[in-house]
Amino acid sequence: MKEIIVRLVQILSEGTNISFVLITVLVLASATVAALSRSVVQAAFALFFTLLGMAGYYVLLGSGFLAITQIVIYVGGILVLLMFGILLTNRPLQREKADAGRLYLVAGAIGAVLFLGVLVHVIVAAPWAVGVAPGAPAGDVRPIGRLLFDRYLLAFEVAGMTLLLCLVGAAYLVRRRDQ
Amino acid sequence: MSEANVTETAPPASRRDSLRTEEMLLNMGPQHPSTHGVLRLVVRTDGEMVRESWPQIGFLHRCFEKIAESLPYAQALPYADRMDYLGSVNNGLAFCLGVEKLGAIEVSERAAHLRVIAAELNRIASHLIAFGTYALDLGAFTPFIYGFREREMAVSILEKLSGGRLLYHYPRIGGVANDLTPEIASDIRAFLVQMRKVWPEYNALLSDNQIFVKRTANVGVVTREQAIAWGFTGPCLRASGVRFDLRKDQPYSLYERFAFDVPIGEGTKGTTGDCWDRYWVRMVEILESCRIVEQALDGIPEGPVLTKVPRVLKLPKGEVYVPCENPRGELGFYIVSDGDPKALRIKSRGPSFCNLSIVNEICRDVLLADVVAILGSIDIVLGEVDR
Amino acid sequence: MDDIILQFHTSAVAVLWPLLSKVPTWITYAVAYSVGGCVVLGWIALMAIVGTYGERRIAGFIQVRYGPNRVGPQGIFQPLADGIKLLCKEDTVPNVANRALFFVAPVLVLLGAMIPFAVLPFSERIVLTNMELALYYVLAFQAIEVIGILMAGWGPGSKWSLYGGMRLAAQMLSYEIPLGLCALVIILLSGSLNLGEIARWQAGPFLGMEHPWIFGWAVFRSPAALIAFFMFYVGGLAATKRAPFDLPEAESELVAGYHTEYAGIRFAFFFMAEYAAMYVVCAMSAILFLGGWHGPIPRPETAEGFEFMKTWSDLIQAGAPGAATFVDRCTLFVSSLWSVVSSNDGIRLIAREAIGAANVVGKSFFLYFVMIWARWTFPRIRIDQVMHLCLKVLLPIGLGCVIWAAVQVVLFPH
Amino acid sequence: MTRRPKNAFRLYCTDVWAGIYTTCVGLGVTIRYLFGKNVTMLYPEVRPEIPPTHRGLHALDESKCILCRLCATNCPVGCIAIESAGKGKTGMVTRYDVDYSQCLFCNLCAEACPTKCLRLTEAYSMIRGRREDCVLRLARPKSQSEIDEHMVKLARREAEKKAASKEAPETP
């Protein structure tokens, strides 16, 4: 028992580990709020801290670029879009109650089980010994750019094409049908 | 006409159904910064779009008509001043003209000239406030101060002339309160020079500014037919392309002697009858008023300024309505007398009240910011709307 | 790595080694970063003070009146008085407020405004963290402020706040695109995301001059950068919700927008955040486009400006010998001053850094002044026009600038 | 929705250009004022010049007042309250209150005054801390003894007059 505590203190006295613990607490707490909160808006705002924490993980892993990109895409883009949807479509100033019909419950349970399966698979299959990638200077975007335009060019282009199509589709959906 | 409008302005059904967002009821006012006083505007909004807006009035109701019926005419006059507190001389003038017509009271030529001078100076001052507050509504603070700088000159002149700075009580039954001195005359000339000098500056700063034009052109368009149907008068009516000015069409107080143009909206920056036109008509009217003041000052004859009227003025039995061109439009007092020193009935037809009625008609399916722009361009004074 | 935190850390460790040998390194780092954070907070507070005073005074003079001139000489203590007032004010919370969001929002907004200062250089070496990705980082972390303001919009339960929050989020997100494009022009031209590197690039040789003084600034190196500079500035105005883009807090439409329900110190947080964000935009414009710490005041060693002055005096020599000798004398004076300064390593370093900081802050304050000037000149733009300007004017022109810059880099590689 | 005009691109360009141009023009106007002279005055130190016609607070010349009360009857709001010892020219004003919470500053009272003893002055500062202070007492406050004295004097004069008029018809 004593040895465990000593080991724990040892681990905790390292800056990176402290940061990891703090971030994990933040992520878990906010994710819990996001999942359990009755107010959709509050859940969405809690998600912000979860995403921020994820960016923190990337920093700990030595990839500043990924961390910033996480902020740009998930916080600046997706979360704000989400918020727009929630704030504009819900009746303001009222907290919503989750509409838990039986059918939803069943569907939700099935989805949860499936997702859990995927998660377990990932946890089991993932090589956990990830450290800071050796040699690569933190924050150098050149190799990432090279990879994107070289090895993963096709995937990159396909993703870009898909997003463009989504944009066009969105524009088509919201256009005014006046004439 | 109204039916055609509804189909024109309402969003197509498909869009309303497919992308429905929650509608919200907003209370703009009575303490909202852009309602020019204590107007309450209930606005039904869909996101930034305003679907409907109902003006709720009466927060400044002071029973003007009832008070005026319970006082002798001369004592009711200061209350008339207080209706449209920005065009106080014009209000008093309208009331005096009504009483004088019913009582067949003569006014000397000098007094009539002085009335024109004061009324036009007051019109300039009022339009300068309209200019300044409109800029303020649209988020520009500085033109407001510049407008007030010139207005201060006009107000100082009126103060020297009448003694008041806002509520002048200058026209009296039978003439005006005080005579013009050479010093005041030179002040007025200096003011006209200054006004003409800074007028282009106003335009450089605001009228021609692309942001301002974008905010006002093609916004809140009132067509000629709409303007007439809703009883628009004054600059708002003229902005819709109707060349109607009581000073020209039913001249009173010697207005027929002065040469001036009646500016109308021509859709210079957008559509005829949009906010920019309403604003611009006022701006041009400032110059026209300067012309009138100059002519009146040049042609002013000598003579008394106040005809002697009996201390207890009893008007003959009868009724009268004299319309007058207030800075905001047609202001008239309908006076019914039964021979008593007090009127039997006084009813005022105020321009702000009538102009305001169109708000729900044009503030439909516009952006929230446009409501502010439209309301400012109509240039209402709540003191007169509520009386 | 020449960032201050590291320097602070190593020097502190060197001096206090006997004491610190038992202390884990992360504690010294934490202390160093806390000190840095306090400095940033102080600087933001100073910005808010200078900003409000300057704003009100300049507004006063533009509007032919005196601004605040009672508290202290020329009213310079007015912002302090205001600050004390804000601190003492009652902290009101609306009944219908979502309390958690209501309380977190101002903190988050201020945090969002503070974040860029971590990488914002004041001079070559006066920078908290010399990050490789500084530019990307600054642009990315605006998102935190957006979330904070959305919270502020929802939290108090006021409809005006909600409108302000939504407007702001829409506006800030849209303007991140042109801002990013303008930054991309500089990234392409300089080939770096590091702010220090970008500033250094602007001091590099240009048009045959070894030390091109102000002519090495990005705005002179490419027409694309010149256009991008103005667009970056306009986009920055919009992203910091300054007039004429102040519609999230449009007082004539939305009462006060997202901070309608906030009073006292919470309002002061929003206030400080706004002025801090303004400074960030100005400083970023100065660093990215106006040469950073290079010029207009020449720094010792680099001989910036002397070359230009020499050429100038040669040119004048032909026409007016008297003027030329004056220019010569000035050059001589300045260079002799520099030679005195450069005789000592410490003084040289301090002088370099001080002049660099003066250059950055001076240029930023000039741009700050232009922001104030513009605010007291223009009417406010409407929300759809804000989007129009962003998506239909700035975006295409920005894309054009990026293409131009790319072509320029390919044709004239540095 | 309006149809896209044919010269849309040209319109767009002129639009952008007009935006840039008018922006610069506007900035030019304000920068000129930045270095110009201020028109406002530093109020408590510098006072504005008030024209003699200004209708501010009332001033009453008690000695000229004939207690006709025309001012009070001509007041639209009835904000003037007068009390006197005696009547007419010989009367003494014991109280002359103007309630400025009601006063319209219409000048009708002063205009009605036959002896011009009431006038609206240039005094414009009307800040009062309490509602009661809004009532200004224009008449010099008089003690009861003074009023009594005046009444006695009046009575004596009246008696003398009466005596004189009684004597008068008898003398011829």
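Letters A, B, C and D mark the chains in the order given here, with residues in each chain numbered from 1 onward.
Note that a residue touches a chain if its C-beta (ideal position, glycine included) is under 8 Å from a C-beta of that chain, and two chains touch if they have at least 3 such contacts.
Quick caveat, the model's predicted, so the values are computed rather than measured.
Judged by contacting C-beta pairs, the busier of the interfaces B-C and C-D is B-C. Summarising the inter-chain layout, the chain whose CA centre lies farthest from the centre of chain D is A. With centres defined as mean CA coordinates, chain D is found 72 Å away from chain A. Centroids of chain B and chain C (each the mean of its C-alpha atoms) stand 47 Å apart. Taking the mean of the C-alpha atoms as each chain's centre, chain A and chain B sit 59 Å apart. Distance between chain C and chain D, defined via averaged C-alpha coordinates, is recorded as 55 Å. Residue positions 24, 142, 149, 205-206, 209, 211 of chain B each touch two or more of the other chains. The residues of chain D that reach two or more other chains are 23, 26, 29-30, 39, listed in rising order. Across the assembly, chain A contributes residues 88, 92, 176, 178 that each touch 2 or more other chains.
In the complex of the two chains, the chain C residues touching chain B come out as 59, 62-65, 159, 163, 167, 243-244, 246-247, 250-255, 376-385. Residues of chain C that touch chain D in their complex: 58, 60-66, 69, 373-374, 376-378, 392-393.
Interface residues of chain C facing chain A in the complex, by the touch rule stated above, are 24-26, 29-30, 96, 98, 100-101, 104, 131-133, 136-137, 139-144, 146-147, 150-151, 153-154, 157, 159, 162, 165-166, 169-170, 173, 176, 193.
Touching chain C in their complex are the following residues of chain B: 24, 26, 32-34, 48, 135-142, 145-146, 149, 205-206, 209, 211-212, 214-215, 367-370, 372. Contact residues on chain B toward chain D in their complex (touch as defined above): 71, 74-79, 82, 142, 149, 152, 156, 159-164, 167, 169, 177-178, 201, 204-206, 208-211.
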